[in-house]
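Note sheet for the following structure.
Labels A, B, C, D and E are assigned to the chains in the order they are written; within every chain, residues are numbered from 1.
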Amino acid sequence: MTEHTNPEGKERIGVYVCHCGTNIAGMVDVEDVATWAARELADRGVVIARDYKFMCSSLGQELIEQDIKEEGLTRVVVAACSPHLHEATFRKACANAGLNPYLCELVSIREQVSWVHTDKVAATEKSKAVLSGGVERVIHHEPLEPLHVPIHPATLVVGGGIAGIQAAIEVADAGYPVYLVEREPSIGGHMSQFDKTFPTLDCSACILTPKMVTAGTHPHIKLFSYSEVTNVDGYVGNFTVTIRKKARHVNEELCTGCGICQEKCPKKVIDDVYEAGLGYRKAVYTPFPQAVPKFPVIDVPNCIYFQKGTCKACEKFCPTNAIDFQQEDEYVTVQVGNIILATGFDLFDPRVVSQYGYGRLANVFTSLEFERLTNAAGPTNGEIVLRDGVTKPTSVGILHCVGSRDRNYNNYCSVICCMQSLKFAHLVHERTGATVYNFYIDMRTAYKEYDEFYQRVLEEGTLFVRGKVAEVTDAARLPQEEGKLIIQVEDTLASVQRRIPVDMVVLSAAMVPRHDAHEVAQLFGISCSSNGWFIEKHPKLDPVATMTEGIFIAGCVQGPKDIPSSVAQGAAASARVLGRIQQGEIALEPVRATVDESKCSGCRICNNLCPYNAILFHEDRMVTEINPALCQGCGTCVAACPAGAISGTCFSNEQIFAQIEGLMRVNFQHEKLAEMA
Amino acid sequence: MSANGKPKFAMYWAASCGGCEIAVLNTGEKILDVDANFDVVFWPVAMDAKYKDVEAMPDKSILLTLFNGGIRNQENEAMAHLLRRKSQILVAFGSCACEGCIPGLANLSTTEQIFDAVYDSITTDNPQNYRPQYQTKVPEGDIHIPKFYPVLRTLDQVIDVDYYMPGCPPESHQIAEVIDLVIQVIHGQASLPPAGSVIGAGNSTVCDECPRQRNVKTIKGFQRIQDIAELDPDLCLLEQGIPCNGPATRSGCGALCPQAGAQCIGCYGPAEGVVDYGARLMSAFASVIDSNDPAEIEQILDQLPDPAGQFYRFNLAGSLLRAAKPVWKQ
Amino acid sequence: MSEQFEPILVGFTCNWCSYRAADLAGTARVKYPPNIRLIRLMCSGRLDPAFVMKALAEGADGVLITGCHPGECHYLEQNYKALRRFLLLRRTLEQMGIEPGRIKLVWASAAEGVKLAHEINTMVEEVRAMGPLNWPKRWESNGFHATVKEQEQEVTA
Amino acid sequence: MSKYLFYPGCAMQTSARAYNESMQEVLGPLGLNFEEVRDWNCCGATEYLGISTVPAYALISRNLALASRQSNGVKTLVASCSACYLNLSKADHYMAERPSLGQMVNVALAEGGLEYTPGTLEIRHLLDIVINEVGLDVVKERVTHPLKGLRVAPYLGCMVPRPDYEKRWSDYEYPDELDRLLKALGAEVIDFPLKTHCCGGHMAQISPTTAFELIRRLISSADNYKADVMVTVCPMCQMNLDAYQNETNHYFHTNYKMPVLFFTQLMGLAFGIDAKKLGFGRELVSAKEAMSRIGIEVPQEEPKTPARRKKTTGLPMPKMPGDEEETQ
Amino acid sequence: MYTLKSMAIQDKAYKDSTAPDFSQTFVDMVENYGRSYEFGLATRHYLKHFPLRLPSMAPMGLGMLSKKRMDITPKHIEGIDQLKAILSRAKELEVV
């Protein structure tokens, strides 16, 4: 790249003010700004000042390229929209014309001026000030090269639900190694707990287990079940991840998955995770028969041997003596280039909604408990029965929006409860013939075949009451209410108060973020919103990426969604990862900090300011050095260095000071324009 | 060149304490080299030369002028302009000339407050509450005294300065080296450093020369040095909670104070290329406070009762804001 | 221009949250007074007290510092350092006669465009009430007001 | 001995005399020293606020003004009757929330040489003081005659838990404070679903049939759950359920015999104080027969089979937060 | 709810309900004595509205009296004039 430096040593700056149609021109007098810049900022090096309808259009860019070539511009300032939108566009234009892209500055006069102010004169005034700031700043820009960082082909997928499995399979199918980490003893996630799935009423296991087996046996997928990620270091393309394989106390090489140990184990425990507290499992268990991997796990707190030192039934009966009580947790460190987080959701705990009586009234069930009831491998082998495990309900009430769309709990809609409740209604009809009431506020059946399913359930005779249920109580007022759960609801269509006695109530509870979402977000260095859903790079245009390069999210971890969307996001995330791996390397923004060792006195004030520990101290030379690869460019150390020995590219002190001077040069009494120093 | 062929040398002190003159004297025999190589033409504390003598000299006739002291009143400013006209090389000698130093701290008070402190304090016997009058009528005629400016300015805020020599006072060995350098320049054996650069000091900070052991800094609180029962002789003072300005102060003094068990108070001024000395210290100290809870941070900061004094003891006049708001409002 | 005092504020925003909140305020057409001029930094941790003093010295009447909510910093914890520096800086400036109200630290996440606009609005009104700071910008003056002439009469008067 | 200001309210001297007697008896063991607000006036119960606003709040805040003048350092004003507690809290809360109302009330108070600034006093119910200030462990220590075998239905009424301005109670619909207290006394507490449903208030005078229906629901539900006795914290609830019980029986041709007592009466019993001093016998539906079950060691007849016992076979119930001590 | 009740009373939208009258009787009583006087309140209300129900009320009334849970005579408070002054001033301020 030829570097044009003109004789007087001043930079030759080109200023371009964009109309953006009327978005900017509607409020800012762009011509006046351009002419003002040409006149007032000439002595600062502005040689060209144009205004143009659409700077980001190819014509606009050619304008810049032409000027750079013909006028020998050494700096370019564009006053238009937000840098987050077109900074890359104008940098590319400069690069095409042979000017180092980092010598271009984009000043926002649309989002931060024309769109937010109402007074035309003030908006034009502010545009001039902001432009002047940009011009002063760009003088101090230095040519930079983006940092090229190699991408490690391996990928880490956290979370073995349907989204994680889909992502893992797609990346592995492309021939790249994948480490799939799942906290529970088996992959499958929430989907493995369901019996049927809407709207097609496919048996959930039938469509899930093939994918689980593919993931379990895939040559390129290394499965870490019953494991957790404990530490993540490094940056995009070069993550070092430490995985803790919790001790299963079963030797995976020897175990054949025959299940004898589970039969012989004398200790029965309520299974709170897989059976949602509705069924029992042994102290040594696999969550469900089709578990992948098939190896059981010993639940130490409940195992008689571990608590009292006796029993050891499983060890006696194990044909391949695969039981190994001395097995320790294992820490495995792996290198990966990209990470996909698909850690899923937790179910809202309806106990806090005391009016619905969950936990107090026996026959009130959560949606997950009902799923286990309907599941053939469930505690009741698919029989829909009351809490006593025997009686079939003659009437069932299904409540939508429990904990969703409710200011006291969660404002958002959990997307799947309506369809899930319709599925429940259908299953109750099919299996018990009981009368079914669905209590909804809005029926949300938005996607393919969803509304058709709703009409089908309507035709089956489900009674729909539009109203938010006020109370579920067992205090009968009339004889026919004795021994029943009475649902008190206002039927807003018929505008009448109803008291409907039913045998069983199912609460379609909301989806809430994982209880440890904040810790996981902190561990992976991505931001998660205050209520716990992980924040995507852009809600509409970039839902699977995050602000942190190299870390992607898929499925319900980003927010409530149904299975098709989770699968789609899993595939999307894997596509993004494969794109990265294909590139082989990634160009990182050259925003870095560097230490001038002659000025550094080794005072070590900056040493513990870097969460990415990019700052290392050389005891021998008593001098600090910053590892450009690890440095993310936040600039905290630049601001903290007492000796001013650390400088940061793209946001150096000189640039910011100059920008402040430029900004303040134009004050409101525009006739009293302070003269240049 | 003066009559005897030796280059002329001048030294003047404006708003300062005179310690810099004594530091020059303190160079021991080196003062003889000065006399040998220079013709001292103007040095009010050492010889009897009057302003009109200087005015009589041709412009640029004085080779080297060491000007110490800030510009507090009209006379300082007049002499600064005069010496600038008369001297070839003018050095801002000492912290007062470079950055305002202790006299610069007066920029925190308005003129009225300063006069009250001086003419109306407990130790002053001034029943009639007199104040200096710039113009008084006496039988002999009108007497004028130099106008007292509300803000003390550093030398380079009044005239162009060729070189800066920080320190309060500059270390004698540094003065000696500078004198040798200038002598060599006279004899053509060396060339002058680039204009405007700092001489007589290092370009790192005091920590570089401090023998104490330095570890990662996490400050739980600040303490005054006299409140610490027994001080660890080898460990960095800042890590023991003593607010030591060493990390931000230019090296050159050999870290005399920290070696003697006292915290550095920053007399050698900011390091190379630093815009605001106090800002550097505020940022450094605050960044390593080991707490994220605002209330706890406030408690720790309460242990720094006088932040302006701590961070701007020497650099107030040379800082970005230079003086307190009421001073400007006068 | 309206006759009442129009303060000039300098705002420092962090690229990942408060700058995006400002953009969001733009796309949502949320109005706020034009008195503030925003500077984009990579993180609130990048904010050097010298920038604030430089802005005031250059004639700003107030400085608004914004960053991500504690715990939500894109660089994990750098906004805590911004908080510590802000608390110390405010004390020093107060000692130099600058009303603490002229410097403000506000947390705003990428989704809180409206909140940021509201904060800007409130601060502009607060600083307007405090009146101009107008630090003398040009130092050639010998400590009196900007114009040397005016000082001359004072001597003779 | 912790000192409190005490606002008895009109009912304590009349319809709730048993409440007052039993309370005076248990104050000693609980270490509570109540100083009655001198010359307090009626709080307007549920009627005054229905007619007017400023006069109603002026009436109530006269008590607040008198109490704050008399408080010399004591910050908490205790009310034993739920209606008085609610009215006092409302006055203090709305005078702070609506400054205009506060000023008008103070202008009115000024006529009587009084003044009240909202927030100076903390208004709390007697039950809240027993649970949170005295503490259940202290209550347990004082229990010498645990009420073993007595099945009680805790009936809190609707004015105490709602509207809970200061968030003092565990839940709006199903607070467990009274249940925990009665368990501490050794009684067997049934899971009474209507514990915060309305008893009718002054409905008995305005439209008796509505009152009877509300009373029937409460009594029949308690009876379904095989409770021997209903326990309440509010004179108005006690009056409605106790005094109008036999008229309700006539109206619905039912034959309920559900004694309704105050929680302080049961506390007195558990502390070993003689029933006579605790106002037993003042209730219209006699509690003698129920008390005999624990008063004298009468051999247990066939214990009433509780209708709603938790299923031990079948599917496990979800664990509730308070479950652990359940199983001890 | 009380605001709804007072609005309904002001707009006379209560058909035959005796509630407003009961409240008014209660209010007058409190304004005269300073404390509520159930006996007087109940007897006057029933005489006025439910004379037929008096016989069925008798057993309850006697029970309450015998158990000393109702006083025949009303109780006055000392500061009754202070209360009256406050309430009359409050009535002037009442923005209907």
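Note that in this section a contact is a pair of C-beta atoms (placed from the backbone, for glycine too) under 8 Å apart; a residue touches a chain by one contact, two chains touch by 3 or more.
Remember, predicted model here, so these are calculated numbers, not experimental data.
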> By label order, what chains touch subunit B and subunit E together?
Replying inline: none
> Rounded to the nearest whole Å, what is the centre-to-centre distance of subunit C and subunit E, using the mean of the C-alpha atoms as each centre?
Replying inline: 63
>> Centroid of subunit C to centroid of subunit D, CA atoms only: how many Å?
In response: 57
> With chain centres defined as C-alpha means, what is the inter-centre distance between subunit B and subunit D in Å?
Replying inline: 78
> Considering subunit C alone, which of its residues make contact with at least two other chains?
Replying inline: 48, 50, 54, 77, 81, 85
> So which chains end up touching which?
Replying inline: A-B, A-C, A-D, B-C, D-E
> Which residues of subunit C touch subunit A in their complex?
Replying inline: 1, 6, 8, 10, 16-17, 19-20, 22-23, 25-27, 29-34, 37-43, 45-48, 50-51, 54-55, 58-60, 68-69, 71-78, 81, 85, 109-111, 117, 137-138
> Considering the complex alone, what residue numbers of subunit E touch subunit D?
Replying inline: 2-3, 5-6, 9, 17-20, 22-24, 26-27, 30, 34-36, 38, 41-42, 45-46, 50, 53, 56-57, 59-60, 63-64, 67-71, 75, 77-79, 82-83, 85-91, 93-95
>> Applying the document's contact rule, which stretches of subunit D touch subunit E when the two form their complex?
In response: 10, 13-18, 39-42, 44-45, 47-55, 57-59, 62, 104-105, 107-114, 202, 205-208, 243-244, 246-247, 250, 281-284
> Which positions of subunit C touch subunit B when the two form their complex?
Replying inline: 48-50, 53-54, 56-57, 70, 77, 80-81, 83-85, 87-89, 91-92, 95-98, 133, 135-136, 139, 142-144, 155
> Along subunit B, where are the residues that touch subunit A in the complex?
Replying inline: 203-208, 214-218, 246-248, 251, 270-275, 280-281, 283-284, 287-288
